[in-house]
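Given below, in the form of structure tokens, are the structures.
Two complexes, one shared chain (subunit A), two partners (subunit B, subunit C).
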Partner chain A sequence: MALLSIENLCVETGDPEAAYRLLDGVNLSLSRGECLGLVGESGCGKSMTALAIMGLLPRGMRARGRILLDGEDLITAGEERLCALRGRKVAMVFQEPMTALNPVVPIGRQVAEGLRLHLGLTRHEAEQRAAHSLGRVGLSTDRFPLSLFPHQLSGGQRQRVVIAMALTCGPELLVADEPTTALDVTVQAQILDLIDEIVEEYGMGLILITHDLGIVAQSTDSMAVMYAGRVVEEGPTAEVFAQMAHPYTRGLFAAMPSHATGSGAATGSRTETPRQRLVTIPGRVADASFRPEGCPFVSRCGFATDHCSSEKPLMRALAQGHGAACLNLSPEGDVR
Partner chain B sequence: MTVASGQPLLQVEDLVREYRLPQRGLFGPTPVFRAVNGVSFSVERGRSFGIVGESGCGKSTLARTVMGLEAPLSGRVLLEGQDIFGLAPGELRRLRRRFQMVFQDPYGSLDPRFTVERVVAEPLEVLLPGLSRRERLERVGETLESVGLKASDTGRYPHEFSGGQRQRIAIARALITEPDLIVADEPVSALDVSVQAQVLNLIMDLQERRGLTFLFISHDLSVVRHITDEVAVMYAGEIVETGPTREVFVNPQHDYTKSLIDAVPYPDPRRSRRLKPAGRTGGVG
Partner chain C sequence: MPPSIRACVMAAVMSDGLAELRRSALGSRSFMIGGVLTLSFIAIALAALIWTPYPVDEIVVPRRFQGISAAHWLGTDQFGRDLVSLLMAGAVNSVVVAIVAVGLGLGIGVPLGALAAARQGWLDEVLMRANDFAFAFPALLSAVMITALAGPGAVNSIIAIGIFNIPVFARLTRGAALVIWKREFILAARVAGKGPLRISIEHVLPNIASLLIVQITIQFALAILAEAGLSYLGLGTQPPQPSWGKMLNEAQTLMFLAPQLAIFPGAAIALSVLGLNLFGDGLRDILDPRLRRER
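Up next, the complex of A and B:
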């Protein structure tokens, strides 16, 4: 059985009559030891999916569908049950380590908190385990005593503390929402390596949320590309990168400077030839309150036809667990 | 190389900028932090010069000092041979229309209570006070069109625009005085990839069309690689490596540059770290 299985997840806000959907029929599945990347631009619903899994949706948002963790539905679970699961079975690493940590509590106590709450350890036992976890993430107590406060640490070290907090109780699912976006590129590489090692060592499932296709390519087994609250393409990472079936996935990839330059910049004289323009996706993401009836990408898509604006595309299987939600796909996965 | 007048448009010579830190004791010496430590480079007219480095390396301090927003402890900033710190305040103000800045955050750098017309025309009021209202409006409209917005947008407010459009407004504000040099401090860092590509294309268009010179500051190596002719890599307040962009990226000499380039995640799953340990997909659970 899959560790996590999300079925037709919808999140709505606003009046029941005039509600708008922030997430619209999201389906995802993840097994133990697997790393799933969620990619997309701001407002596409990737963080909203993470919050729905954690049962932390902001007030006024309603979730429908099913989020099954080991067969247990988290949407219908009560707050008490969610409190017992959060930190114990599902843990989260946030983007901004300074706001995820309490500035006035020493790091040792923050890491030990979950152990005392979930496992009922004494303060002494919990601190011993906390020291072990901090050692595991590279903050050994001889250089980083448990009595340190978050402001005494650098950004990368703080993110290590947050990771230590997440792993103390040995969760089965780790949700990391842009865990390295606030960090410098060299520190980012260290933190991604660390997350990778830990996920493997503990046999957890990992959901890695990012806007960076480079990170997805390097750190995930499978991926889902989200746009305007929907999953538009999903599959094994290598497969998705090889095919890029959905026009949005292609556009996103082509808009990245590193790739668009490629070896092209190497040819010709640097000075006089005009620099290569990046491929852009025209327009911008439609506001959640005015989403079109049909495909959410219709107004920005170069392949759009008449029926795209009236018919909502469903996920279509292409090969080996790879699928895309586009009406204009041929069975081979080419956009017609 | 474009040899226009023989003299580089911008020359920075041995620039040093220090910040005072809080005093430790009542009579103790004031500790100082040297944010920029002896930086020198020059940019030819019409070229694009990139400065890359990680947070705290001094690149933003350098940008602000080049703009004359902060005074250096020593060293000179020469614009067409004129030392901007050796000028009388009035002369510096007149010279300012020749160099303008674009900031990182398009949300924080535009006053939310000003209309787009007022935001974009603001530099004109100080630098060309003689313009009539109609001339000013005309010029704002033209400038907005040159950055891909509509002349009819003048009456709208910044909150009515998306992040990418706001950054276009900020660029329009920098262009309206017809400057020679634009200092852009992380101009696309706050934008999503697809919008970032639009703004980068705009910058490249403007550079070719108007022959603008750019000092482009960024932590994003791929952006700098795409958009600049020459690059300087900064670390701890100093330039550790500089040269033509392609050379620096293809054949980095300094260890820090190498580690920086290696750390950038490359969008190719064949280089995945998930593939390294053989048989890892077998799963543990």
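Up next, the complex of A and C:
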């Protein structure tokens, strides 16, 4: 059975009659030991999905559908049950390690707090376990005593503390919301490696939210591309990378800055390669308040036809586990 | 020092550590002057618990209205009581009233403010409107009203002063806590499975402790002033218990006969309130470096 299975998740805000749909029928599934990458541009609903899993949607937002964790529906679970699950079975790593740690609480206590809360350990036991967790993420107590405050650590070290906090109770599902975005490139690789190792060691499921396709290629088993609150393409990472069925996925890949000699090389000598403009997807994400009837990508899509703006594209299976939501797809996965 | 206070001091001075803290403490004139005044005020009150030059309520009519002398440093009053002893005992009275009253305001106001910030919605609205209601009455007026209803006396004046302290702390706590609740580490704490109560105690309060400490010193000064005012009006501490406000009241009719009877208690009130205010001001500068730079 899947560890996490999200079925037709919708998140709405505003009046029940004229609600804005921030998430519109998201389906995802994840098994133990698997890493799922969630990609898309800002505002497409990646973080909203994470918050919905945590049951921490902002005030005034309602979730519908089902989020099954080990068969238990998190949407209908009460706040008390959610508090018991958060930190124990589901944990989260945040984008900004600077702000995800309490500036006035020593790191040892921040890591130990979860243990005392969920496992009922004494202060002493919890501190020992916290020291072990911090050692596991590379902050051994002989160099990084538990009494350090967050401001005494660098960005990468702080992110390690955040990871230690997340893994300390041995969760089964880890949600990492852009865990490396705020870090510099050399540290990014270390943190990603650390997350990979820990996920493997503990056998948990990982949802990795990012907009960096390089990270997706490197660390994930499967991926889902989100656009305007919907999953537009999903499947095994290798498959999606090979085929890029949905026009939006192609746009994302094309927009990736690259050192490869593309059109620049065609113009001639290497040394005088003119600077290329980065490829962009024209337009911007349609506002949640006036999303079109049909495909949300229609206004930016180069392949759009008349029926795209009236008919809602459903997910079509292309190959084993690979699917895309586009009306113009041929069964082989080509856009006509 | 409790860990939360140490933590906020640590965070305030950032990585420069204790040396910077000491430097900014010594460099702040208001902190030093206020600190000396406040410390001596408290030291005098503590000393009065074990020793006064003469018994406080010793009435010796033949030695009344004496001026400054070696035997009676500040003279004697209309009953021949030693003024130094009365002032020292009055300091105890002021400190006790201020501690209990501010403690009452802190103990009720902070939880209410934290609750309002954590729950928000209608509860927040109800609590804060009740707060505005209490705030709308001038503090001394409501204290007069309470003592008029419940009868004069030291205990009632403490309660009255405590009640006007509640909205001050509730409002401050709510405002500061709302800012903290928006921070990401609160989300991290919720993700770790903590409920609003734990988050308020473990994450919100330590972050607003410095603000509360500063407010405590200011409310302390206000409470001393309010107690003196109530006693002056005859609604606070009752005779024969000594109180600065009451001494002022008794000295009023003797202004031209023995002006020192009014001057010394008046100076005691003014110096202790000034000291606490300077101390609070200096403390704020030290605990919150951002504020200092903006000035």
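FYI, the second predicted complex is superposed on the first by the 317 of 336 C-alpha atoms of A that agree within 3 Å, B and C clash if a C-alpha of one lies under 4 Å from a C-alpha of the other, contacts with A are read in each partner's own complex, and residues count from 1 in each chain.
As a convention for this text, a contact is a pair of C-beta atoms (placed from the backbone, for glycine too) under 8 Å apart; a residue touches a chain by one contact, two chains touch by 3 or more.
Just so we're clear, the structure is a prediction, and the values are computed from it rather than from any experiment.
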Original post:
Taking the superposition as given, does A:Gly14 touch the first partner, subunit B, the second, subunit C, both, or neither?
Top reply: neither
**OP:** Would you sort A:Asp193 into first (subunit B), second (subunit C), both or neither based on which partner it touches?
**Re:** first
Original post:
Where does A:Leu101 make contact in the superposed view: on subunit B (first), on subunit C (second), on both, or on neither?
Top reply: second
Original post:
Given the touch rule stated above, what does A:Pro145 touch, subunit B (first), subunit C (second), both, or neither?
Top reply: neither
**OP:** Once the structures are superposed on A, label A:Gly65 by its partner contacts, choosing first (subunit B), second (subunit C), both or neither.
**Re:** neither
**OP:** In the overlay, answer first, second, both or neither for which of subunit B and subunit C A:Gly135 touches.
**Re:** neither
Original post:
Which chain makes contact with more of the residues of subunit A, subunit B or else subunit C?
Top reply: B
Subject >> Set intersection of subunit A contacts, subunit C complex versus subunit B complex >> reply: none
Original post:
Taking the complex as given, what residues does subunit B use to touch subunit A?
Top reply: 1-2, 54-55, 162, 164, 192-198, 200-201, 204, 208, 219-223, 225-227, 229, 244-246, 250, 259-260, 262-274, 277, 280-281, 283-285
Subject >> subunit B partner contacts - residues on subunit A that touch it in the complex >> reply: 3, 31-35, 41-42, 172, 184-186, 188-189, 192-193, 196, 200, 202-203, 205, 211-221, 237-238, 241, 251-253, 255-261, 265-266, 270-271, 274-281, 284
Subject >> Touch list for subunit C against partner subunit A, complex >> reply: 4, 7-8, 10-11, 14-15, 120, 183-185, 187-195, 198, 202-203, 206-207, 209
**OP:** Could you pull out which subunit A residues touch subunit C in their complex?
**Re:** 54, 56, 59, 82-88, 90-92, 94, 96, 99-106, 113-114, 117-118, 149, 151-152, 162, 165
